[in-house]
């Protein structure tokens, strides 16, 4: 079988490695994945990167490629969803009901709110949107510590640098150093979506089969194990 | 060149970058000089280990360096906690942390340059100074230091340039807080992460280049002046 | 002022094991190239820590390996004129000159600076960088730098080697004054017998790291066999005398040495002053009868004490002239013609101008 | 130390890193030497610009450098397309591209070290060689080159170390393809991006440190051997 | 073999404007420290490109600013012994020595190498690093390096300054042979009149960048006033003679110069060979009557030609001895005592051993 090359957002590594192992086992097909920032991957595809399939961490970079006709439009779909949660380092921190009027500033005290960089990192963008929707943004806008990735934000919380952080549920679940104290209402932010598509340049005859596999129930458990929501 | 007009936030990033780079460069100078001296002249057990340690920030991916800084110098880190309590020096989420990250990243470059110059110094001149009554410290100040000026300048240039371009360790260690830790490099990085951010990234990149070039030319002038005086006799 | 040096050291295949003492004044280190002179001077300076030995200056133990004493270089305050100039390339000539002076404190006045600068003829170089100096200029600045550091002891490693005779003739009297007035002990490495004869009270002959001979300059310089570094043409004898009187009209000085009276070119020393004269064997002529109508002013009656073996057609004749030992080099042909043998009474003829330096 | 056992993929990354770092170091050597020579000795219009250009990879955030490389040396980039067609040298998404990225990132470090050494060379020795009949090229080979060996070694060390730690430009330029462009540093970065990756990151980091330390000690031994022969005479 | 040099150049405040020519052999550059000797040699070597001037060797235009010709240093093949040794620190002594030899091609045989190494006494140093050499050893290796490069012209800037007399006495005959056998022109900077007198055919006296006097060594060295760099004690006259015969028993050589016959220490030259003798004024004694029973073997009758003004109690008497000019330095007292004036017939007395170098 032909090799299938996946360009995928770095946060998908654990889940996708497992899916790929399963795909290899079942089809004896060859698959390789390159994990990096969605931005870098999109630009590489633009410059002729050897990707057959692109899985972005947000819609923006998929849209970017779609506009340039670099993906096969009919192959595009939303693969995964995620939830945004509030985490705390303190084991004794109580649950927080995330809603409009929450005294987030009070919770933070003189600490900072760790999250992905609000302009660039997808989780940061979602987080900012949610806070704005809930009217909490003005209160914490200058208290935010924008990290280079969700993982870094999580680290800031687990190291006690920041009392609270906004991260994906998938990340929070896997880190015993932090406690999930609240989940953002699903309607408070644009849906967190990991879109998938076959690139326009893809020549691998197995790309479509792989795409089908990833979207099939056979792959779903691996994503769910990492805390992702598998979208239909 | 309206396109080049900087927003207030961008101006802040420029000022911050210059401050961070300058502070990083200057504050690492004494320790780098000491380390270079020890590596060039010292003979002791564990010298290889020290040498390795100095090169660490180069060998490790910047993100890892940032993690390590966070672990050590963060609010809860052993050194960070100590400094915060006893010296009142706080790094986390402060521009000082950005400067620390840049200083650490530039450290191996600074040490190597200085070490190279120290190793090239003719020890016989130091001997001559000693016969004239100069103590080791005085010899260092009046003979060694002027003679290694090219290495010091080179080290400072590399450290400054590195600080201008550093974002991996910085953003990991102290995040990306506009006006506090968002240096030009971090701002550029941020731009590259959003579709359509290319123009902004380009603009900031040009600014960064212009600033660095100015610093570079200044350094060359200084180095040339120093060299003119130390043509080997 | 006394200096005692004892050193044992090994570098590579070279081994030095030398000891000498001097009671102040100038001690000349004499020896062939590679014999260990610079090594020994480096040990005295403290730049080289010897495997064993000691250095005692005026009862002050500067270093003693047995007692584990080692005064660091900069506390010794031994001025050192290196064989190569070793000027500081990043400083001007002026700054080089005052480098040690400044450290020595206010000990040296500005007039001292002016005096040394003038004597060395480096006044017009003060603002220049050492890299633009000529070889001799560099050596002069190095000399000035050491002199101005107010040293307790001066170590000079061939300080005048790169200088022309005229310049040497200006500097030597200064060194003589330094020796006589300040009584700073000087260890002086030189290949020039003329310089050594003029300056040194003691001569230490080094050969392959060992002291081959050491003692009064008068004694050592009269035994050329001891000094392989000395070309044969430089052999001679050193005699001591007292200034008797000056003949101002003819610019001559009469010197009494034992029972002899010697006429030498005018010397600036008061009557009664001790004077050392080195009389090269090649400058001494012998006559069996007292010659008449010759220009040489010194005709000293004496007796042959011994004759050295002939070498390349010439031999050295040792004379006793009124209590002074003189050496005359003559050809074997002359010896045969004049029938010279120990005990023969002869006249030693020495030109006055040959005694000028 | 079962924990340290490396998976096949990790072994691949180790081998790849060593290859990339070595190739990056060696292939940039000639150009770096030439550039250092020109900067140290040349007097020409535009020297400042060249100097600035050399420092660029240091001044720019690695992501930007990677992006510039992608634009220039990518399959569709002007240089990349030319080289692929006429020389058969393809960088995009190949290990050669990773080596190129590392070479570019290490270039300023290499040039600075060499330049420092070249500037410290006593030109009088070159003059002496000329009077003995040595042509400029021969002088360079037999006098200058041996005398600047410390600078060359230092430059190589810095370049190698930098190549071991480089991931920003690499991952941006040639992505993160296991067995092809996934160097240790890139692999470490990948681990840091996922939950539970810390152990893996730590393991790879230790491997990277061990490898680099070995290279470092080797370089020190070489440098010491060179220095022993060139004590200033 | 002829060399023509003309150079105008300015460095800092120093200005050189000098020209001289020589018809091969050794040309000595003589001058005080800082007078521009090294600068001139650097210009000849091509290390310094002068503002103007030209260098022509044997009709071959090496450099000519007017015609914009400038042969690069390495194509000149001018061996250069620098004032400082400038050994390659990264090479062993052996590699230093053969550096130029290798480039010169197979021109030099291994026996040449052995010969030079032996003559310089550096055989035991071959595998050492230059940094471990003594000053004199370094200078000898530098000398060997230049000699072995098979140069068309040798530039030597005080090559023997750091050497002891014994070593010099070994090297000088080698240089003489080089001069006589290979006919390589040599430009020789030295402060030593003895060296210059012995080696040089021509002397160029430089003062403050200008040629103050230039010409036959015999002429220039007899006019000490022209050579301020020469101490007065080195004044003298150079006379030319032919080897007449050898007295092997007494190791003497008879040299005919004009109408005079001089006995000098044995010289290794066949009868008929030309020989130059420098007779220092201080070594010449005058007598109004022919002295008897003296050891000096040379008693030359002559006439006083002129007397220089007295200086510090002594004066130089110029004699004509059978067609040779001689200079004798005597005290004013002797002049008065002997009543010497131009025209006075006198005998010049010169010791044979004084003519030994």
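As written, the chains take the letters A, B, C, D and E, and residue 1 is the first residue of each chain.
We take it that a contact is a pair of C-beta atoms (placed from the backbone, for glycine too) under 8 Å apart; a residue touches a chain by one contact, two chains touch by 3 or more.
From a predicted model like this one, the values you see are computed outputs, not experimental measurements.
Separation of chain A from chain E in touch steps, taking the shortest path, is 2. Annotation of chain C and chain D: jointly contacted by B, E, touch as defined at the top.
Chain D has its Cα centroid 20 Å from the Cα centroid of chain B. Computed centre separation for the pair chain C/chain E is 26 angstrom, with centres defined by C-alpha atoms.
With centres taken as mean Cα positions, chain C sits 57 Å from chain B. Measuring from the averaged C-alpha position of chain A to that of chain B gives a distance of 35 Å. In chain A, the residues that touch at least two other chains are 37. For chain E, residues that reach two or more other chains under the stated contact definition are 84, 133. Looking at chain B, residues 63, 67, 124, 167-168, 189, 192, 232 sit in touch with two or more other chains. Shown are all chain pairs that touch, namely A-B, A-D, B-C, B-D, C-E, D-E.
Considering their complex, residues 45-47, 72-74, 76-80, 82, 84-91, 99-100, 103-104, 129-131, 133, 138, 145-146, 149, 155 of chain C touch chain B.
Taken in their complex, chain B has these residues touching chain C: 124-125, 127-136, 138-139, 142-143, 146-147, 229-233. Interface residues of chain D facing chain A in the complex, by the touch rule stated above, are 63, 66-67, 70-71, 74-77, 92-93, 171-172, 174-179, 181-182, 189-190, 192-197.
Partner chain C is touched in their complex by these residues of chain E: 11-12, 31-34, 37-39, 83-84, 128, 132-137, 139-140, 157-158, 161-169, 191, 193, 228-234, 247, 250-252, 263, 265-266, 281-283, 285-289, 291-297, 312-314, 328-336, 338, 349, 351-354, 356-357.
Across the interface of their complex, chain D is touched by residues 5, 7, 10-11, 13-14, 32-37, 40-41, 43-44, 47-50, 149, 151, 170-171, 173-175, 226 of chain A.
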